[in-house]
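Think of it as A, B, C and D in the order they're written, each chain with its own count starting at 1.
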Amino acid sequence: MSEETPRQRLNRIIFGTAPGAGRNFDIILIVMIVASVAALFMDSVASIHQQYGHWLYAAEIGFTLLFTLEYIARVYCAQDRKLYVTSFYGVVDFLAILPTYLSLIVPGAQHLLVIRIFRVLRIFRVLKLFQYMSEANVLVRSLMAARRKIAVFLATVVTLVIVFGALMYLVEGPERGFTSLPQSIYWAIVTVTTVGYGDIVPQTALGQAVAAMAMITSYAIIAIPTGIVSAELIVENQRRASRRRCVSCNRLGHDGDAYYCKHCGDILPEEWDG
Amino acid sequence: MSEETPRQRLNRIIFGTAPGAGRNFDIILIVMIVASVAALFMDSVASIHQQYGHWLYAAEIGFTLLFTLEYIARVYCAQDRKLYVTSFYGVVDFLAILPTYLSLIVPGAQHLLVIRIFRVLRIFRVLKLFQYMSEANVLVRSLMAARRKIAVFLATVVTLVIVFGALMYLVEGPERGFTSLPQSIYWAIVTVTTVGYGDIVPQTALGQAVAAMAMITSYAIIAIPTGIVSAELIVENQRRASRRRCVSCNRLGHDGDAYYCKHCGDILPEEWDG
Amino acid sequence: MSEETPRQRLNRIIFGTAPGAGRNFDIILIVMIVASVAALFMDSVASIHQQYGHWLYAAEIGFTLLFTLEYIARVYCAQDRKLYVTSFYGVVDFLAILPTYLSLIVPGAQHLLVIRIFRVLRIFRVLKLFQYMSEANVLVRSLMAARRKIAVFLATVVTLVIVFGALMYLVEGPERGFTSLPQSIYWAIVTVTTVGYGDIVPQTALGQAVAAMAMITSYAIIAIPTGIVSAELIVENQRRASRRRCVSCNRLGHDGDAYYCKHCGDILPEEWDG
Amino acid sequence: MSEETPRQRLNRIIFGTAPGAGRNFDIILIVMIVASVAALFMDSVASIHQQYGHWLYAAEIGFTLLFTLEYIARVYCAQDRKLYVTSFYGVVDFLAILPTYLSLIVPGAQHLLVIRIFRVLRIFRVLKLFQYMSEANVLVRSLMAARRKIAVFLATVVTLVIVFGALMYLVEGPERGFTSLPQSIYWAIVTVTTVGYGDIVPQTALGQAVAAMAMITSYAIIAIPTGIVSAELIVENQRRASRRRCVSCNRLGHDGDAYYCKHCGDILPEEWDG
């Protein structure tokens, strides 16, 4: 193995996960992300903010400086700097430090501080959550395969929500909480999705009858998207299984749990999991 | 290509979607529908109505006149006028302009103005949502195939709702919100569908026990319609696949993902998607 | 056809559904059941009871007398009287008239009047809803086949509800609505089934964290019973299909949608639907 | 049969379930567990505690003494004492008596008394609920097989909950109930899981629009875990069926409902149910 330049070494520590320096860096990073998000959460509670606000502010400055150093190091040692800066994680890394600096410069940017909450996304990188990307692909592919059925379903739900919302606006009216058409449609969405806050409820007998119809309809149609996804995932499972190819006779169509080729009897390659 | 009459030309622009005049017409129409529905929504908010009510009224008159012109043009250039006027979209187009005229003539017809909300259905035509009609057919066919299971399920739910409603009317009584049998059955529907507004809740220990039973029962039976729809959609998928016919040997029963006929080895026609 | 005795004729009219007298009797019966249940519903509304209570009482006496006549006629003309009286519908028919007589004799039996609500079950007979009995059997058989999985699932839910209920009783305590262990377990059931009335809610940060855990857990496990029922129904579908037997070669295992025997090529008997 | 020692006899009565002494012991034990948990429930209700608190306390002392005797007997007659004491039920048996003794010694240990609620778990042993263990295994195996899909799903839900919670904190703010980031995320969990208490609800039009988006999103994604579990259970069913092995020709791959081997025609062994 050839000699490693300092930049390559830094790259290995920061982007790598091998035992030793790389893993230690990851562990320190996770602790810092969790601590900085915990500080953000605590600072949003009024009573904690009043008592410990200046400590949390100091901690935030510290975290931002450290994350800035980390960002500079990442840009410095990235193999392709442009690619890193414009990548998903490059943007997340930048958004993790930007709001604090902005709040120092622009006076009204206090609200932007909430953007720092997206720092939690950085944990996903460390946990290598996207090794599960192929699983996500299976889900996304199933949803894509069913996209037309889902479009029909969503169009039905939208129509239902508008119909029931408009009906309730007529039946109950502004004096019983259904103050406007958008408000009534909000009520219909709260009801059809079975969330049911209870902030707006029908009070007349006729309104309750219409609401009961909306609920029973929603109860019936919630079965449809579930059935669509189940059916697609099963087809996707079978499709993947039937792509298994025997290395001896090159024929397809083997069951997902078969060990031997059903045509020539040779051992099949492992099922490609993902 | 033979010379086009003005009426044919109008038909091509209004009913067609080809790039050029046809597409431009569609885009203008979508903008107008969205704007008119937005005006309807805004006008239903009391504070906006007080301030901008007369502007929104003027806009509404304008939209109605334009939609009236469009309706007259559609009737004029339709290939079969009777068919268009009595078709689903013909009725929707007519309902989009009727309420405004009615409200000018009949004094108490203010409530009918809400009917204009069905103008959103007109967007479906422009978006050609019904090219997804075959997907809707698959869903409807699955539901039809399962209609007897669904009838048994709904009869069970209705019986449950009546039993639990009557029980709670006895247990909790009028003084705790269960003022009548219909009200108690409304409560039972709100509970069994897991909407759970919380406007009427059991307050005695016995009432809470009965309600808990109702909830656990509903939790168990919501699995049934979902299972029914999933099973039907899977069977429907298999049925469609097994209808694939080889053009060489004319035999059926090929898997949905097969490329070659399993009997004669010829290339199979594409899976008919829809 | 031999001469019909008057009793046989009565049996044909009352129990039969043939066009003519039998069908007319059914239609009159449905109208009467619906009217009597509507009277029951209306009488339970306080304002209607005060105004029209005596009219509804008179109507109830009338309905009860007519239903009594019908019951006597059914007993008289039943082919096997003992069988009818002890059958499901025999009991329902008797319960439809009993409460009114009891309320005349026993003073405190007012509450029993609610039992009359079960008159709606009598509609099921007229609608011949139990011709769908075989569909109900498929559902019941699937649930029976999955009964051990369902038992494991319910034991998990019961344990979860007790654990989360006891935890919240400790964390929130009586002063925030969790007044007792049964009350806390009631809260846990309301939460885990996603009904969510909001009559009892966590107010401390720790309580909200525990509640959030309960919700996410319930969100995950509601998928399990649905999956169980779907899988069983699909297996049941396949099982039924594979019981199709060719009348020529007597072999089994034909697909549910096959028209010809795959062994000898003869036409298969219709799929037995039910 | 050789002579039984007294310890073996005790083991047979306490751990066994044969008719006679073993079954009688089980029945007495279930009655005692139910009675002791009922006393625990009743004692947690303030009004009952005030009136009958001392009776319930006396009963609790009695139950604890009896359960202590039972625990000593179990330890005495267990075939492997260490194994029993460290087993799941050994720990549950110990936890059933520990809190009462602790509350006598340590003054502040009143809260620990709630731990006694886990006595209900002891009923599971008597009911031999874990003969269903293999069914639980099928469920657990299906969930394990789908663990990566479930991880992707949960990561999506966590991200959604954080995004919607932070958005609502910005849009609605502390003055409308969204007092802090953790509180807003609690709201998002209550909404996305469709529990919908209604203790915190959006009040501005913008907030209601964001909430409506959160609900429709949750409505769409609840279909995903259900689909995953359904698909896995179906695959698991097929996998189990395909493991059936003919005892004559030793070949695999028979359908779950086949009676004869499809290769050699011999009778297949029963489907292994569990």
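Just so it is clear, a contact is a pair of C-beta atoms (placed from the backbone, for glycine too) under 8 Å apart; a residue touches a chain by one contact, two chains touch by 3 or more.
Quantities reported herein were computed from a predicted structural model and do not represent experimental measurements.
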A correct list of chains touching both subunit C and subunit D reads A, B
The chain pair with the larger count of contacting C-beta pairs, comparing B-D against A-B, is A-B
So the chain most remote from subunit D by C-alpha centre is B
The distance between the C-alpha centres of subunit A and subunit B, rounded to whole Å, is 29
Rounded to the nearest Å, the gap between Cα centres of subunit B and subunit D is 40
Expected list for subunit B, residues touching two or more other chains, is 182, 194-198, 222, 226-228, 230, 234
In the complex, subunit D touches subunit C at residues 40-41, 44-46, 111, 114, 117-118, 120-121, 124, 129, 132, 135-136, 138-139, 142, 150, 154, 157, 182-183, 185-186, 189-190, 192-199, 222, 225-226, 228-230, 232-234, 236-237, 255-257, 274
Interface with subunit B, subunit D side, in the complex: residues 194-198, 226-227, 230
So, in the complex, the side of subunit B touching subunit C is made of residues 148-149, 151-153, 155, 159, 162, 166, 169-170, 174, 179-182, 191, 194-198, 201, 205, 208-209, 211-212, 215-216, 218-220, 222-224, 226-228, 230-231, 234-235, 239, 242, 253
